[in-house]
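Naming follows writing order (A, B, C and D), and every chain is counted from residue 1.
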Amino acid sequence: MRKRPRHQQKQEGRQTRISGGGFIDRLKAYRDLHAHALFSSLGRLISSRFASVMTIVVLAIGISLASGFYILVKNLQQLAGNLESSNQISLFLKDDVSDINAKKFSENLKKNPDVQEVKFISKEQALKEFETYSGFGSAVKALEKNPLPIVVQVIPKNSFDDEAVTQNLFEHFKLVPEVDLAQMDMQWVKRLQSIVEVARRGVQLLSGLLGIGVLFITANTIRLELHNRREEVVIAKLVGATNGFIQRPFLYSGFWLGFFSGVAAWFIVTFTALVLKQPIEKLSGLYDGSFHVVFLDFFETFAMLSISALLGMVGSWIVVHFQLRQLKPE
Amino acid sequence: MLQFDKVSMRYPEVGDVLKNISFQLHPGEMSFLTGHSGAGKSSLFKLIAVMERCTRGEIVFAGQNLNKISDRQIPYIRRSMGLIFQDYKLLQDRTVFDNVALPLVIAGYRHGEISRRVRAALDKVGLLGKEKKYPMTLSGGEQQRVGIARAVVNKPPMILADEPTGNLDPELSKEIMHLFEQFQQVGVTVLIASHDISLISKMNYRVLTLDHGQLVAS
Amino acid sequence: MRKRPRHQQKQEGRQTRISGGGFIDRLKAYRDLHAHALFSSLGRLISSRFASVMTIVVLAIGISLASGFYILVKNLQQLAGNLESSNQISLFLKDDVSDINAKKFSENLKKNPDVQEVKFISKEQALKEFETYSGFGSAVKALEKNPLPIVVQVIPKNSFDDEAVTQNLFEHFKLVPEVDLAQMDMQWVKRLQSIVEVARRGVQLLSGLLGIGVLFITANTIRLELHNRREEVVIAKLVGATNGFIQRPFLYSGFWLGFFSGVAAWFIVTFTALVLKQPIEKLSGLYDGSFHVVFLDFFETFAMLSISALLGMVGSWIVVHFQLRQLKPE
Amino acid sequence: MLQFDKVSMRYPEVGDVLKNISFQLHPGEMSFLTGHSGAGKSSLFKLIAVMERCTRGEIVFAGQNLNKISDRQIPYIRRSMGLIFQDYKLLQDRTVFDNVALPLVIAGYRHGEISRRVRAALDKVGLLGKEKKYPMTLSGGEQQRVGIARAVVNKPPMILADEPTGNLDPELSKEIMHLFEQFQQVGVTVLIASHDISLISKMNYRVLTLDHGQLVAS
């Protein structure tokens, strides 16, 4: 008995919604409504230029910090990739191995599937390198006879389980007759791991902070805009607007704010990276010059813009969704 | 069309502002609602527009029990009422045209239809030519008439007017009342809250009188 | 002729300002007005809890990033301080200098006013150090005779013009008879300079960005609040409020927003630093363990809170000052 | 007290809304201003309150030429006028007490004095006991009376009331008019814009009539 009148109400409600014309007309009207909301929200942003620019700058700062950190991680990874070559094994050959045998031995090593690279260092090269890098260079010149052995440096293949491969190779080399002593540059590995650990934790924390920041700023901006326009919302509700109708322009506003902030952030990030590029590469030149600053590629730029626009929409949706329920005409 | 059945309404802080109200408006009937300042006229309108819910009794509008409809249905109920507010409730940052067009835009009318109807409504209240102005740049009476135009633009089956002539000169008040009469003659139910007793008494319609929340004459 | 009526107007204007009572009464009323604005703005923030918390979080993120960078620079400087010991001169003594003479020589060096520290490394120590750090450790064991000379490491006094002092000392040592060879660890110095240069530029850029960010966010928040309360501003103007009266609560709002954001930022920064402390010090332990993470000290905390509060006030002042002129009753 | 001398006022978009207006109000005089909706009554009030500046002519208020005062002096001019607005202009997020107290707070009165005066003003408009309520929870007429209380609370030498009884019932309108008469009797200059011709004609005061921006009767 109770269900019936409710049903009738619903039908009547729907009937008032249908404002003349057939299904196609309604669809067209609906499309018109969306297009209208999209462009009128853009027009509103443009007409309140000062306000929009301020909001966009605030958001752009957040987004550019987040993507700046992303670029930092990317460059760190590249750096870590370079440093991985330090994950090497040095084989000091016995004094009685001749130069020719040593060369042959190193050629053979290259055929080992676990080995990526082999570097042969003759006694003379070893001494030279030693002079250059040890800090005792000049002292070495005073030596009567070259005391250094032949060294073969082996870089293991990159694999999913680097440490195990390196360890296996190391155990294997220990038993090779030509080798006087095998040494793993373990300290480098440990240092690298520590650096990566610190960077990872720091970047995680900061990215989290910034992600929350961007969401908060968008949501806050939309919240304040909604608060500014609560009169409008109340009036629209009073003349029969549904929640969907009222939400739409805010969602589009969020979209535009996010999108333009993304564009601004791209400029900020690119500018910053360009300013930092020169000193960083100069610094890298002092080591081995293989490090180059990487920027955002095309796909990442696209992702950044999409994510910004999405964050803008999500932020505004959250606020609109929760506040609209509270905004009753009274 | 509209039926109040022993309706009471209470604001938590001040107690009952409407007590045990019963009356009925037939489709196409026009009536006035009077009473001293603070008698409860606007509160009664809020009940009809579901801006507030009543604490006791039943209100039936166009066959629907307003106590039982859900929040999602409220917009569709409101589209079948033309509401004129005591404080106009105009959008300050939209032109007169956009203000009057709002109910049509919400209901999803096409552009040409909107333009035609808005012009017709503005013409009725004597504001044709002011479409492009903003409410802030209108006189009090002109704003009130924009509110009236917005209420009648989508030809609702019922018009609720809260003090529609408070800021109009006697001449214009008479014209607006005549406009409401025209609507009534084509079958629209009209309820007008007004203090203008001299005007009301000249027109021969039913008068509901509120006194401290009670219906004392009908 | 024109000047006169103007003068009269001014006097009358002043008279209407004096609203009964003497000078003391007016002073008290003025104090009351300020106290009222201070606490009512606080009350307003508390009553709109959700909005205030959002704004404060947004500001706190900005401030904590800025002070996070400050801490980063501080720690980098500490690190640079450690590395400065690399700015040293190594003296390789002639083979014929006996251990005793070498000791005497190094004692004498300590009396030089430009010298801060002298480290004596005997032949045996040199060999040991060499074994440990060179990566050729095991090869050295194979040596029949220790080929290394006695080394005296000299660290020049820190001074305003480090490079010149070091260079002077270096020239001086070259001529000392006991010294076979003097060597400056120039590569380290260059690297350090590059690192510091990159860090300095990066931190400058980011700090600038963040400083602007915090100002913008505050200003934007106050702008939106002002926009929200423009009705109130217009009405206050209509009943005779001066610009000063209207500005006051906004300035105090800015003060509170900035201050509370500073407090929140302190918690964020301290938390982040605590999380990062452990892995960083573990990393540092792999080198020489002399590096410890430094936080904000009492004075810096105080400065941070003051600057945040000040930024809040400045941001709100900028907006209020420029927007109030525009907000005319019509 | 107030003197208009060939005053014209123009809004860029619509042209002259006041044309060549000249009249004079003596201290302690009470008069009415009428005219059709959009005649220019509110615009004339805006000129007196320096919310707008006139394009031609001179306005002298209390010996000061309003054309020549600087922006910094405007607040002090406004403190000597009690302004009642057609749209009330109340602060929605402040209580009735705070709304009425605003002019006193701005002028720097001490707390005890404020409380005493606000109560007295609210008593005069029949709203004692509603101090703690917010404007939103008041009826239209009650809000209008809060606006009246605010205008008279600091006993200004001149009261400008724009449509002060538009939302009041005839009984209450008479009482409010009587209140203005009381002020006039203690030397306050009062100018009231009103459409309520039946009420105006019953009271025997000077009536200024505007028609499309021109003063047609005085």
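Basically, a residue touches a chain if its C-beta (ideal position, glycine included) is under 8 Å from a C-beta of that chain, and two chains touch if they have at least 3 such contacts.
Keep in mind that this is a model prediction, so the values were computed, not measured.
Centroids built from CA atoms put chain C at 64 Å from chain B.
Separation between the centroids of chain B and chain D, computed from CA atoms only, is 29 Å. Taking each chain's centre as the average of its CA atoms, chain C and chain D sit 57 Å apart. The residues of chain A that reach two or more other chains are 330, listed in rising order. Contacts with at least two other chains are made by no residue of chain B.
The touch graph of these protein chains is a ring, one cycle where each chain has exactly two neighbours. Screening every pair of chains for touch gives A-B, A-C, B-D, C-D.
Chain A contributes residues 5-6, 8-10, 12-14, 16-17, 19-21, 25-26, 28-30, 32-33, 36, 231-232, 234-242, 245, 328-330 to its touches with chain B in the complex. Listing the residues of chain C that touch chain A in their complex gives 51, 54-55, 57-58, 61-62, 64-65, 68, 90, 92, 95, 126, 130, 134-140, 142-144, 147-149, 151, 180-181, 183, 185, 187, 190-191, 194-195, 197-198, 201-202, 205-206, 209-210, 212-213, 216-217, 219-221, 223-225, 227-228, 268, 272, 275-276, 279-280, 282-283, 286.
Every residue of chain B that touches chain A in the complex is listed here, in rising order: 46, 49, 51-52, 62-65, 68-69, 72-73, 75-80, 83, 85, 89-93, 102-103, 105-111, 113, 150.
Residues 11, 13-14, 34-39, 41-42, 86-87, 133, 137-142, 145, 162-163, 166-172, 195, 197-198 of chain D are the ones that touch chain B when the two sit in their complex.
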